[in-house]
Amino acid sequence: MRSKRAGRQLLVCAALAVLPVGCDKLSNSLHQPPSATVRTDAIAVSALEPGARMPGIVHKNPLEGNPFAISEGQRLYDWYNCSGCHFRGGGGIGPPLMDEFWIYGGNPANIYTTIVEGRPNGMPAFRGKIPDYQLWQIVAYVQSMRADKPIASPPGPREDHLQASEGKESR
Amino acid sequence: MSRRSGLPAAAAALLCAALSGCRGIQSSLDPAGREAAKISGLWWLFFYVCTAVFVLVLAFLFYGVFRRRSEDALGARERGKTYVAIGAGATAAILLLFLVVSVSAGREIAEPAGPDALKVQVIGHQWWWEVRYPASPANRTVVTANEIHVPVGRPVFLELLSGDVIHSFWAPNLHGKKDLIPGRINSHAFTAKKAGVFRGQCAEFCGLQHAHMAFTIFAETPERYSAWYEKQLAPAAEPSTPSQERGRQVFVSNSCVFCHAIQGTPAFGQVAPDLTHVGGRGTLAAGSVANNPGNLAGWIADPQSIKPGNHMPPMLMAPEDLLAVTDYLESLK
Amino acid sequence: MKTSREPVRKPPAAPEPAPLPAALPEAELPAHEREELRRAFETQRGFFGSLKSVDHKVIGKRYVITALVFFVLGGIEAMTMRLQLAKPENSLLGPDLYNQVFTMHGTTMMFLFAVPVMEGLAVYFVPLMVGTRNVAFPKLNAFGYWIYVLGGAFVYGGFFLNRGNDTGWFSYVPLSGPQYAPSHRVDIWANMITFTEVSALAVAIEIIVTAFKQRAPGMSLNRIPLFVWSVITTNFMVIFAMPAVMLASGYLALDRLVGTHFFNPAEGGDPLLYQHLFWFFGHPEVYIIFIPALGMVSTILAASTKRPIFGYTALVLSVVATAFLGFGLWVHHMFATGLPQLGESFFTVASMMIAIPSGVQIFCWIRSLWGSRPRMTTPFLFVLGFFFIFIAGGMTGVMLASVPFNLQVHDTFFVVAHFHYVLIGGAVFPLFGALTFWFPKLTGRLLSETLGRWTFAVMFVGFNLTFGPMHWLGFRGMPRRVYTYLPEMGWGPANLAATIGAGMLGVGVLLFLINAARSLRSGEAAGNNPWGASTLEWATSSPPPPYNFERILVVSNRDPLWKPEEMAVVTGMRTDRREVLTTRPLDAEPDHRAVLVGPSIWPLFLAFALAVGLVGSVFTPWAILLSGFLFLVAMIGWYWPKGEPSGHNARTAS
Amino acid sequence: MKDARSQRLGKSAERRRRRPRFSALLFLFPVTALLAAAACKGPAPPGGAGVPAAGPASGSAGSIPFPEPDESSWIRPAKDFSSSRYSTLDQIKSDNVANLKLAFTFSTGINKGHEAAPLVVNGTMYIVTPYPNYLYALDLTSPGAPAKWTYKPKTIPSAQGVACCDVVNRGAVYGKGRIYYNTLDDQTVAVDAATGQEVWRTRVGDINHGESITMAPLLVKGKVLVGNSGGEFGVRGWLTALDEDTGKVAWRAWSTGPDKDVLIGSRFKPFYASDRGADLGVSSWPGDMWKIGGGTVWGWISYDPQLNLIYYGTSNPGPWNPDQRPGDNKWTAAIFARDPDDGQAVWAYQWSPHDLFDYDGVNENVLVDLPIGGRTRKTLLRADRDGFLYVLDRETGEIISATPFAYTTTRTGVDLKSGRPIEVAEKTPHVGTTTRGICPAAPGGKDWQPSAFSPRTGLLYIPHNNLCQDEEGVQANYIEGTPYVGANVKMYAGPGGHRGEFTAWDPIAARPVWKIKEKFPAWSGALATAGDVVFYGTMEGWFQAVDARSGKLLWRFKCGSGIIGQPITYRGPDGKQYVAILSGVGGWAGAIVANNLDPRDGTAALGFVNAMGDLPTATTAGGMLYVFALP
Amino acid sequence: MSSRRTVDVSRLPDITLDSGALFWWATAGLIAIEAMSFAIIIATFIYLRMTVTDWPPPTLPPPDLRWGIAGLVVLVISCVPIRMAEKIAGRGRPEEDRRRIAALIRVFLLIAAVAVAIRLLEFPGTHCKWNNSAYGSVIWTTLGIHLLEALAGFAEFAVVAAVLVGSHAEEKHLLDVRACALFWYFIVAVWIPLFGMIYVFPRLS
């Protein structure tokens, strides 16, 4: 536990080290370069935007629909225990991923952010623990779950998981 | 007719290799186990008999083609039938011989390993080998990867399982191969007769890195084997230098623990090789590269360039962290 | 007739038995009837007309040429692999590409080259050899070809779009299953199997019925040429073997596309089921490729020695026995899977027993050659090469039947060496001999003997240099299907040798192609029967006219052209329509005069309809519905009455 | 060949080879089926209510050794130290219960599963809600029982991410003028019962390890006994005693690990040989896995003041996938008898050594003195997850009897000599294959939902499940703070097609007296009263009263949401008998409603969703207190 | 000389309606292929059954007999009009008989349509789906492949009937009737072991 916390501190320090802006606040706090004042490329977590809408930056999953990425994503989804809370998309501890209701937004960028940053009501933050390309693979898999197809017969790799008996009767 | 090539040429090359004493650590012709020796004996019998037959048949053929005297048509037909019958009979006789020696050799190598056999579980993964020594009580279970230590002279009973696709366990110096099939448990038994280090490799095509899925078998004296076993039971060595201390810190706080386990630390990942005693292993990445700090650091930083397509992601670490982790892992003898 | 042992540079311009028309003037038709016959059987002109062709010679030639194109593609893939393996840790191909390439190599050679080329030669030569005008079901024949081409184009299209299957030509599950083989690579492959198997099955029915029902009068079962016998046997094997692989690949496609669980152990399926089905096809497949080659060997030997092959009955029976036994030994591909020992022993026995009929054949051939002073023509050289290589491959084959030995060398380069010895030695060498032998019949021109000899020499040396060292590599622990290996393993020199050999083999094939191209332009005219062979295909002109024979011949012995004086002809066949004479299966007594269908576009359309289903189902199940609709349209078109007269209201022949 | 082969193969290989020989199993099936059928026969005509069976269904066939005499209060969820949930109040009787009317209601404002029992002390009712674990105090002396105060603990919302099966809370305990209860994020709080002021607060666990707390504490001899949850997160289980005044940790007994951690010392005398030995909590695990081995303590604790022993169970081992943890995995899925003063173990027994099916051992232990074999024995009744009702000698831990009360295919019985269950090898789940027809399913023949014992009828009233499952073992990966299960599960209704049952069980005759079939799992607690009325709720939302002797349905009321809470009864300040229940569907069984899960994925919520696809049409979420009284 | 060297075949018929016809042989070949395919399906079934302890999986009842038996009976009945049509066709008089044959085929088509409809009811009667387990997979695949076969046979006869009604009916179409009949007998005959496999076998264990 202690080691873990220390590790996190280490990580934070490392993150700070690469952000010189944050460090010499005292010396140069009155004048900010224009580029550092407003971030427009950050992923919006809310759909509500004060004022008129800005032409937003579209965040697309570079691996969307790529079968290899989806299958890798599926493997990672299991290995990194996403399946432990979200199961095969129906949810459990975490919310379902296969329906159209998304608490924190369902576009690829939102899903990505959710994995990286975590969410306050239980979603852990995987920040700094999963490389970017794997994140997008997981996002690709999560996106593929959302197809408006019944789970019974989607094409593709994820059908290989458990199919239990439908029958309610026993002999 | 060219005599430079063909089976005789291959056989000649083989003979040279065998006689010149250049021994192979992954060769079925340098048997170090009871089973491999039986099979190699079988091969030499096959080889000599088949070579003789081959030479004889071709001699007949060429003699027939090139001889001067023309055959008279009548009478020869009858004789011809006799020749063919004799030939078929000889073929059948040789086959019968082969069958008898083959089946008897098969029965011998399939003999049960007996109750005193060392039981080892080998689980194939894309693309590495998980090796478990089940024991009672359960906490004497040893888990390692890509290396199997066995005592010389004691039968080894392998339980072969697969975690994903079909693999095949093959250490030619000790025995032939046996597949690891998902949903099944296969068994395989061998007895090492000589101490030595032998290499084995996955022999069933299993995807991208089928070529880099090797393992090493250490056949050791019973004493050395026991010593090794006891050492494996111990949890990972405690860091003894600040660098190693830091390495452990980095390891457990990084995503290494998502997949790897180191007994004695909070790392319990179970989808990649157990690293409790990784420093004591000879190779990395299932026999892909030698285990030394340089290779290890390279493997951690960029595993995909060593073994493209394998499941280990590159680890983004500060250089000093990378060195520390390498230092720590290498200390886990 | 030459008596010296000096090799003949060229086949004699005027072969020993006189050309048939000279000996049998009755075989010629009056000019107007010949013209009528030509019109009835001709392929229509123009591009569209050629698509409608149902002439077995046109289709057979297309088969052979297409198969040779695939052979060259497969060969290029093979050489790419050899280049990659020429040295340890080579970086020419990455693992992904290498896996696609070796899969494509195996797939191409087995499904797109070896079987189709044998089928193609059968389609071309069986009607000629049994003395009829066309195959029994000309439209089915055309359909078979189209579906084969479409399948090949499909899988190669996929390959060039980086959708080549990367799980091996055997595509074992679960590696090829939905979980471990994402994307449509395997789907394309699995459906391609169906394409080629449908094609092979169509040809099988075709050939069997033609050979059983349309033989020349008098050609009773014991007078059928050995090549035809081997082709009949092969096609029976096709009927019993191909459904297994169609179902295996069908189950695989279902597992992948709609989520069935045939091979998913988690749901009660079993990956080994796939292996059983695959090898139940896969082993007979070897014989399907190899048995026609036995027929070719017999044919070439007989023509080269100018005497009947010794032991006709024994040869026929051994071929049939080989076919039967061929179904009983698929498990020797699975010894390492851990099946019960008793079962393994059974398959050991079966696998070894198959050496007995093979031995009988070899002894019969040796006996045929004994003192025969054969002419050392190129085809004969290829047959000699066949003996050398095939016997060596057969020896290692017998070894592989031994369970313990198999456990060591299974899935190593030893096995690679073994089956290339068997398949290249046993099928490709005779095939090249046969192509040289039949080239004059196909084109009317002879191939150059000099180039032919060079071809043989380079191929023979190259072959042994490629595959000889692989035996050794197998023993030294080199598994198959590895895209690279460590320098420490010491496999480098042998692999380098193999790569050089592969290059030579490639040069040999290139020489053959050059020879063929040269000969097509400026080759020596062949005449009807340049080799002085005895079978009916030589009784007509080279290349044969659309109707094959002006009059159907009547035979009374096994080697009709060597005894033309005993031959008779059939009269009373109509020449104004596509009429063939059907005979009874056993004694070949005339039965009735069947009318065959004419040129049609529907075979192509039907193939297209099926292709829509097979290609489309990879992407959406709805394609099957569309395909079903097109299929119905095609069937209606196919069967639509053309008003061709038949039955009692038709005019009887003069 | 013959001999050698089987020898040569490992146990599991043998199983594999024997598979085709299904005839053995076929034999087994009818036997178990017959047994089950025999057990089920008789009771319930289709109407739902049962008929009294021939045997002695009444009389004081057993007695509650440690009753809580004050009927104007209800100070711990199980009413008394014996965990009887039996009240001597008899105003509400079987002949007047039909007149029961709603007295007042109270909304908790929370949409998660309400599993808690309200407490009543000194004219005040205390309600603990699911996360965020508010504590409401209602003034029973005022009309309509308005809220006096609300206590809102400071909690970490992320704790919701480590609660395996909804963010429930099972209640509080009263003592020394304080209410003690646990929050999901591993805090135990003591709140002044009169003012709602926090007295002390102790953090006893860490959510980053996957730990959470859902159980109701028990106050014994000045110590608040608290256990953790997280058997599905690779948590190492413990029971901790906190000082009632300071909240300081008095002792902590781990469920796995070396004896000094488990508090096994010289007094430890387990009845069965396989439970004896040094450091079994380590040696029965491979490597370090005991550190992440589960055995959490999230269920009920009983206390015997005479023997001075507390009894509690430990949860399943982690992960579910048994292939990953060879060995007996002590002391998971077990029961401990400990001295509450120092926590030293006196005896222990493993219900499920090397647990295969998530058969947690945490269910309530009802302490009853029963006349068995001509003498009164100090027994402990346990309706376990495995579907068996165990009668144990609570002094020694000896099993007196073990009889299935639910449909079971996984076990044929318990070997009374060795104490080990007799398991059906074919039902063992393994990695890479699907094992079908596992009955009872992972939530067991009975999950946490506590039963009640009436000394008047001598019957144990068990609300339980009728569920089976298919399970595919998969390799579980351990990442701290994330689930650690390793199984794809799909549950479905057991024989009969109903998913729940309410059974009245005669522990002496070891047979059911009557059974009521419920459409959904009977996931609420039971309450027995001296009026010979038994109360329980259904997941559709019916709160119902049945005749204690016949099982006849006497009264019911449809609440706003499905009921998974525990009913209580008390004598109000006005002298009338009241019955209270929290409605509010959720929990593992109701997660599909509480968490809006997608029924298209049957494996969701550890496979429970497959069995509960129709629950969202039957009820909606929302917590509400309902209190009833006779007019 | 000349007489010895020629064989006159002008008197031979140009069609035969018996097993000497090429089309009959083609049908026989097709049947051989199909028979092999069904044999392999049965082998698959037995193989899969041998690898598991419970067949069907423990929670499933065996397929409903009701529609299964109905389907089998209707299939067998459907052979009756076909047999009659085939006999009439064997007389080789297209002009006189074609309408009667076409009428019989229409009766057959009706019965066959019922058989196909029943087959569609047999799918839900399995109580499982193709993607539930290997059991479901093999049962559905068998039912499906046989359904495709039956549809093919049905379509064949529909085309033949259409041709017979039209004015182009010739003797060779009588041969079509016989060959199609042969194929249909096969479809019905092969269903008997398949029926046993799907419906009876699970009840034996």
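Lettered A, B, C, D and E in written order, each chain numbered from 1.
Here, a contact is a pair of C-beta atoms (placed from the backbone, for glycine too) under 8 Å apart; a residue touches a chain by one contact, two chains touch by 3 or more.
Here the structure is a predicted model, which means the values were calculated and not measured.
**Student:** So which chains count as neighbours of both subunit C and subunit D?
**Tutor:** Under the touch definition, subunit C and subunit D have A, B, E as mutual neighbours.
**Student:** Write down the chain pair with more C-beta contact pairs when B-C is set against A-D.
**Tutor:** B-C
**Student:** Specify the chain with the shortest distance from its C-alpha centroid to the centroid of every protein C-alpha atom present.
**Tutor:** Centre-most chain by C-alpha means: B.
**Student:** Measuring from the mean C-alpha position of subunit B to the mean C-alpha position of subunit E, what distance in angstrom results?
**Tutor:** Chain centres of subunit B and subunit E, defined by C-alpha means, are spaced 52 Å apart.
**Student:** Calculate how many whole Å lie between the centre of subunit C and the centre of subunit E, each centre taken as the average of the chain's C-alpha atoms.
**Tutor:** Roughly 32 Å, centre to centre.
**Student:** What whole-number Å value describes the gap between the mean CA coordinates of subunit A and subunit B?
**Tutor:** A distance of 41 Å separates the two centres.
**Student:** Quick one: report the Å distance separating subunit A from subunit E, using the average Cα coordinate of each chain.
**Tutor:** 55
**Student:** Multi-chain contacts only, two chains or more: what residues does subunit E have there?
**Tutor:** 51-52, 57-59, 131-133
**Student:** Pull out every residue in subunit D that's touching 2 or more other chains.
**Tutor:** Answer for subunit D, listing residues that touch two or more other chains: 1, 432-434, 436-437, 468, 470, 472, 477, 479-480, 492.
**Student:** Taking each residue of subunit C in turn, which ones touch at least two of the other chains?
**Tutor:** 179-180, 258-259, 261, 264-268, 270, 341
**Student:** Okay, in this complex, where on subunit B does subunit A touch?
**Tutor:** Within the complex, subunit B touches subunit A at residues 248-250, 252-255, 258-259, 266, 271, 311, 313-314, 316, 318.
**Student:** Enumerate the contact residues on subunit A facing subunit C in the complex.
**Tutor:** Going through subunit A, the ones touching subunit C are 67-68, 70-72, 74, 152-160, 162-163.
**Student:** Using the touch rule from the top, collect the residues of subunit E that touch subunit C in their complex.
**Tutor:** 2, 4-16, 20-22, 25-26, 29-30, 32-33, 36-37, 40-41, 44, 47-48, 51-52, 57, 94, 130-138, 140-141, 155-156, 159, 163, 166, 168, 170-173, 176
**Student:** Flag every residue of subunit B that touches subunit D in the complex, lowest number first.
**Tutor:** Within the complex, subunit B contacts subunit D at residues 107, 110-115, 117, 119, 134, 136-141, 143, 157, 159, 161-163, 182-187, 189, 235, 257-259, 261, 263-264, 266, 268-271.
**Student:** For subunit C, which residues count as touching subunit E in their complex?
**Tutor:** Those in contact with subunit E are residues 24, 26, 136-137, 140, 201, 204-205, 208-209, 212-213, 217, 239-240, 242-244, 246-247, 251, 254-255, 258-262, 264, 267-270, 273, 276-277, 280, 554, 567-573, 579, 581-582, 584, 590-595, 632, 635-636, 639, 641, 643, 646-650, 652-654.
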